[in-house]
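Just so it is clear, A, B, C and D label the chains in written order, and each chain counts residues from 1 on its own.
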Amino acid sequence: MTDYNQMEMMIVIAARELENGATVGVGTGAPCAAAMLAQKTASPDLVIMFEAGGISPDLPEMPISVGDSRTFCKASMAGSMSTIMSSCARGFVDYTFLGGAQIDMYGNLNSTTIGDWESPKVRLPGSGGANDFASFCWKMMVMTPQDKRRFVEKLDFLTTPGWLEGGDSRKNSGLPENAGPHKIITNMAVMDFEPESKRMRVISLNPGYTFEDVQDNCGFALLRLEDLPVTPAPTREELSILRTQVDPGRVVIGR
Amino acid sequence: MTDYNQMEMMIVIAARELENGATVGVGTGAPCAAAMLAQKTASPDLVIMFEAGGISPDLPEMPISVGDSRTFCKASMAGSMSTIMSSCARGFVDYTFLGGAQIDMYGNLNSTTIGDWESPKVRLPGSGGANDFASFCWKMMVMTPQDKRRFVEKLDFLTTPGWLEGGDSRKNSGLPENAGPHKIITNMAVMDFEPESKRMRVISLNPGYTFEDVQDNCGFALLRLEDLPVTPAPTREELSILRTQVDPGRVVIGR
Amino acid sequence: MDVLEKGSGAVFTDPDPDKLRAFFQTKSRIKKDKTMSLALAVETFVKDGDYLGIGGFGANRTPIAACHEIVRQKKKHLGFAGHTSTHDMQILSAGRVYDRIDMAYGVGLEARGLSGCSRKYLESGEVKVSEWSNYALSIRLQAAAMGVPFLPMRSMLGTDTFRFSGAVAANCPFTGKKMALVPALSPDVSFVHVHEADIYGNARFEGIAVADIELANASKRLVITCERIVPHEEIAREPHKTQIPYFMVDAVCEVPFGAYPGTMPNAYFSDEPHLKEWMAEERDPEAFAQFLEENIYGCKDFQAYIDRNGGMEKMRQLRRREFMTDGEAE
Amino acid sequence: MDVLEKGSGAVFTDPDPDKLRAFFQTKSRIKKDKTMSLALAVETFVKDGDYLGIGGFGANRTPIAACHEIVRQKKKHLGFAGHTSTHDMQILSAGRVYDRIDMAYGVGLEARGLSGCSRKYLESGEVKVSEWSNYALSIRLQAAAMGVPFLPMRSMLGTDTFRFSGAVAANCPFTGKKMALVPALSPDVSFVHVHEADIYGNARFEGIAVADIELANASKRLVITCERIVPHEEIAREPHKTQIPYFMVDAVCEVPFGAYPGTMPNAYFSDEPHLKEWMAEERDPEAFAQFLEENIYGCKDFQAYIDRNGGMEKMRQLRRREFMTDGEAE
């Protein structure tokens, strides 16, 4: 079996989620690597958009910033933040990848403060465009290590909307209809959200992990499918493209 | 005394109202001629703006349309309608010239229908940008022939706001504060608006006309200053610049 | 929100952004060749009963060729955004293709006078009208483009333009000031004429933008007519010049001189004698029917209309007029 | 309007458009030479206590030279629009020039990590914070630019970002749907870095616009820093390329490489080693004080800072990095 690290595994899984012809709003790092890998494998017509204004660039290398020159290199348009966010708001962007210091069972994210907001233990960057992307893009996804300190019962701060309090709570919040968290991809498993309760649900296990491994590294009770398939491992081709064409500098996948 | 026609008189009076360094939103025809004349006489730094997007053009000839190429010839910016209207909305435009088929004693204008709106005798163009200019620009002016059928007791349709019902009615309407009709310039006289009642008031008589002439050609009772000065006639220089540099084709001033 | 006042005018289109989102969710995002003839584009994307948007400003960078084709194909019962519309409305009125209109500016041809045909059609009672200001229609398009159901503005208040519009008045929760709130306007189909586009629909133009960017982003279906199609590589070389992104666009139609007899900035000026001829012909119904037969219905395409009215020599003359190298003072 | 929910965050600036109008009524519209040194521009147009806006996106086309000058002149008690702010906020935090912030994105430097200095300053309790999303701050600037006291949007709802913001929630009168309404934001003074401007302030840039056009049109006072000043005739030749009209602008400062160590599209790429050095130096307060002395306080101007960090040779190298002609894969 091919040797790969956990970041490579997550990027490959994420890339497979992005079907050809879809639009995805990405940031830097792993999400951008996943989108670039998708373009070089099954989804050559995947359209990448960056919050700061870049639309459908021909990325010559991994951007350092979502606003650097790579993000609109040979692009269809170098617009503005409002070009991108208004396109998201009127339903043109299918996917987005977001992250945070904490995530709860409804896929809500915290990137604002650890500890009390009034006197935080750690002040983090805040929403940035994450709240907007998560509100507007049809399917929000997260790539993150499976870790009790990240998967928490209660967020210190709800920066970015997932399914909020679950059930119909997002539907009733005023946020655009039928958009919300789609998949959570970790080093151990892939999760979606149970349609009624909107609670996080394990739908496949990455090679070498059991449901117990996942639950032991999660701060809340996870739902699961009765029969849990094994997430297909990265293929040689996927890994070789990722390592040689997407991230040759190993900035994201590491050394 | 120099010979001139009534259109020339009105254009010259209007041009004198536009002080150097002011901004003016104009349409085609007489208002544009007045602004061009002002630039070529006392107000070289007068800034002309056109509704469709032209900012500070170097007008090579009279435009035919407020959106034709002349309106942004050698301009500082060829923007959009929202560039112009948002600039007006946030207080950057001092003057505008508007017109209509009917005007009432508060400077309200009708350019929508003659007769009942439901089944009009004449359907006119409607507001266009007039309602917006009159709402946003600090001082709205009108150039129009003195005529009972134009100066009416009651408008068939209130397209564009003057002082509405007078007094504090405009202040209470929600329209931006401290903006409104400023001067009405006709072939016979110049009028402003009495500060309290906001009713139209004759402040000077054009050469050869009496207050009675003006009142006889107005469908409502006009206020007046006790002592009515005579509007200074166009000078030779003003007329020669108007005829040779502003409107050599005599499109506006006629033959 | 507490509605203080409400205009009596109809809102002809649904301002619900979730319905617009549901439509755009299904619209293709793939960069594919969208070039086709204008005839096919109008046949494919304009359905009887659609709400229509036309770009440009009256007779400036206005997709006149598209207006001709819509009339030639005898489309019916369209709604129309009468926004800074002059010769475009004159053509659509001649074809009686619309029966409801959001009226901000129409009937007139600016300094040129009124179109007798547009006037009679609106006075006929066959057309349902709502009143707005030009900026109000721009803002309504912008609302749809932003994916919100309304935007606030500060004009129209206190006037009959407001009373006969579909706007409402409400107080601002931050300042207590009364605002006019105008509903989002998303045309079913719109046409925008530009200088250059690639085969995918990335479009750019010179001169003023009027409200074309709002219109393009607000419209469910969008047809770009352009003076010339350029390679995608040319667009990608300077992506900050792109004003309309390809994913909004359904069809790209190369129509040289497609804004004639209007002005195209840095390309050709308006044909004033021909515009005067239009207005003159409108006076006599029979003569006008004949004029329309010769200039629209009887023309197989827009090129035939241009050939009828002076062809390339006329276009070269209008180019000299645009650059004022013809020695003529208007 | 019926307020359904209200965030607890402070609104640091007055959203009243009539007050903004009264200010702009008195602002000169004359096209006059506004060129001056950046030092004089900061001295003249930035007052202690002002609310500050900074253009660009983090370290991309961001007026870094202006941030240095504001710190060098030891401005105090500023408000700050923490909108897509990274290295700019890192510099302003080092100088402790602000004591209240609208926080949409800050502290971080994107993929580069967190600024210890910005972090400690925000954790110190010396800074009053309101939370927003990036788009919410763009929309707040757009509201001020449009002369309205608020705009509606559909994000932030249901989150703590909303609860700790100054937004309110209300129902749309057309659809009944709940909207977030955000108050207009008009900075007292803002800085935008562009490629080219004329002496009057007409400005244009390449690449993405981020929210700079909204920021420029929303700001009471505006300082343009530019890579180069070009003749007005050059601007007037292609007026559709102008993105910021001169009448918004109070000062034009020619500052070559004024976005260094950030990226300037088609000119120079970011100096990643130097940005890493910044973050490393922040760890030890004494070392950092020394670093600031050498790189800001002790520099007579931005050129001195650039010379300290590689000067023209470094700029040429960053230009090769921008065009990827340096053979380096990042």
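The criterion applied here is as follows: contacts are C-beta pairs under 8 Å (C-beta built on N, C-alpha and C of every residue); 3 or more make two chains touch, one makes a residue touch a chain.
What you see is a predicted model; the values in this text were computed from it and never measured.
Asks: Work out which chains are contact partners of both chain A and chain D.
Replies: C
Asks: From the C-alpha centres, identify the chain that is farthest from chain B.
Replies: A
Asks: Hey, how far is the Cα centre of chain A from the one of chain B, in Å?
Replies: Whole-Å distance between the two chain centres: 58.
Asks: Taking each chain's centre as its mean C-alpha position, how far apart are chain B and chain C in Å?
Replies: One centre to the other, that is 28 Å.
Asks: Would you mind pulling out the distance in Å between where the CA atoms of chain C average out and where those of chain D do?
Replies: 37
Asks: Per the centroid of Cα atoms for each chain, what is the distance between chain A and chain C, given in Å?
Replies: 40
Asks: Tell me, which residues of chain A touch at least two other chains?
Replies: In chain A, the residues touching two or more other chains are 54, 72, 78-79, 82-83, 89, 136, 176.
Asks: Taking each residue of chain D in turn, which ones touch at least two of the other chains?
Replies: Within chain D, the residues that touch at least two other chains are 17-18, 146-148, 153-154, 177, 179, 206-209, 240, 265.
Asks: Report the topology of the inter-chain touch graph, choosing from line, ring, star, complete and other.
Replies: other
Asks: Just spell out which pairs of chains touch, all of them.
Replies: A-C, A-D, B-C, B-D, C-D
Asks: Taking the complex as given, what residues does chain D use to touch chain C?
Replies: 1-3, 11, 15-18, 146-154, 168, 170-175, 177, 179, 181, 183-184, 205-209, 238, 240, 265
Asks: For chain B, which residues are in contact with chain C within the complex?
Replies: 27-29, 51-54, 60-62, 64-69, 71-72, 78-83, 85, 89, 108, 112, 117, 119-120, 122-132, 134-136, 155, 157-161, 164, 169-170, 173-176, 248-249, 251
Asks: Going by the contact rule at the top, pick out the chain D residues touching chain A in the complex.
Replies: 56-61, 82, 84, 86, 103-108, 110-112, 114, 119, 122-123, 125, 131-136, 138-139, 142, 153-161, 164, 169, 177-180, 206-214, 263, 265-266, 269-270, 272, 322, 324, 329-330
Asks: Enumerate the contact residues on chain C facing chain A in the complex.
Replies: So the residues of chain C in touch with chain A come to 17-18, 20-25, 27-31, 144-148, 200, 202, 217, 232-233, 235-237, 239-240, 242, 245-247.
Asks: Applying the document's contact rule, which stretches of chain A touch chain C when the two form their complex?
Replies: 20-23, 45, 47, 54-58, 72, 74-79, 82-83, 86-92, 94, 136, 138, 176-178
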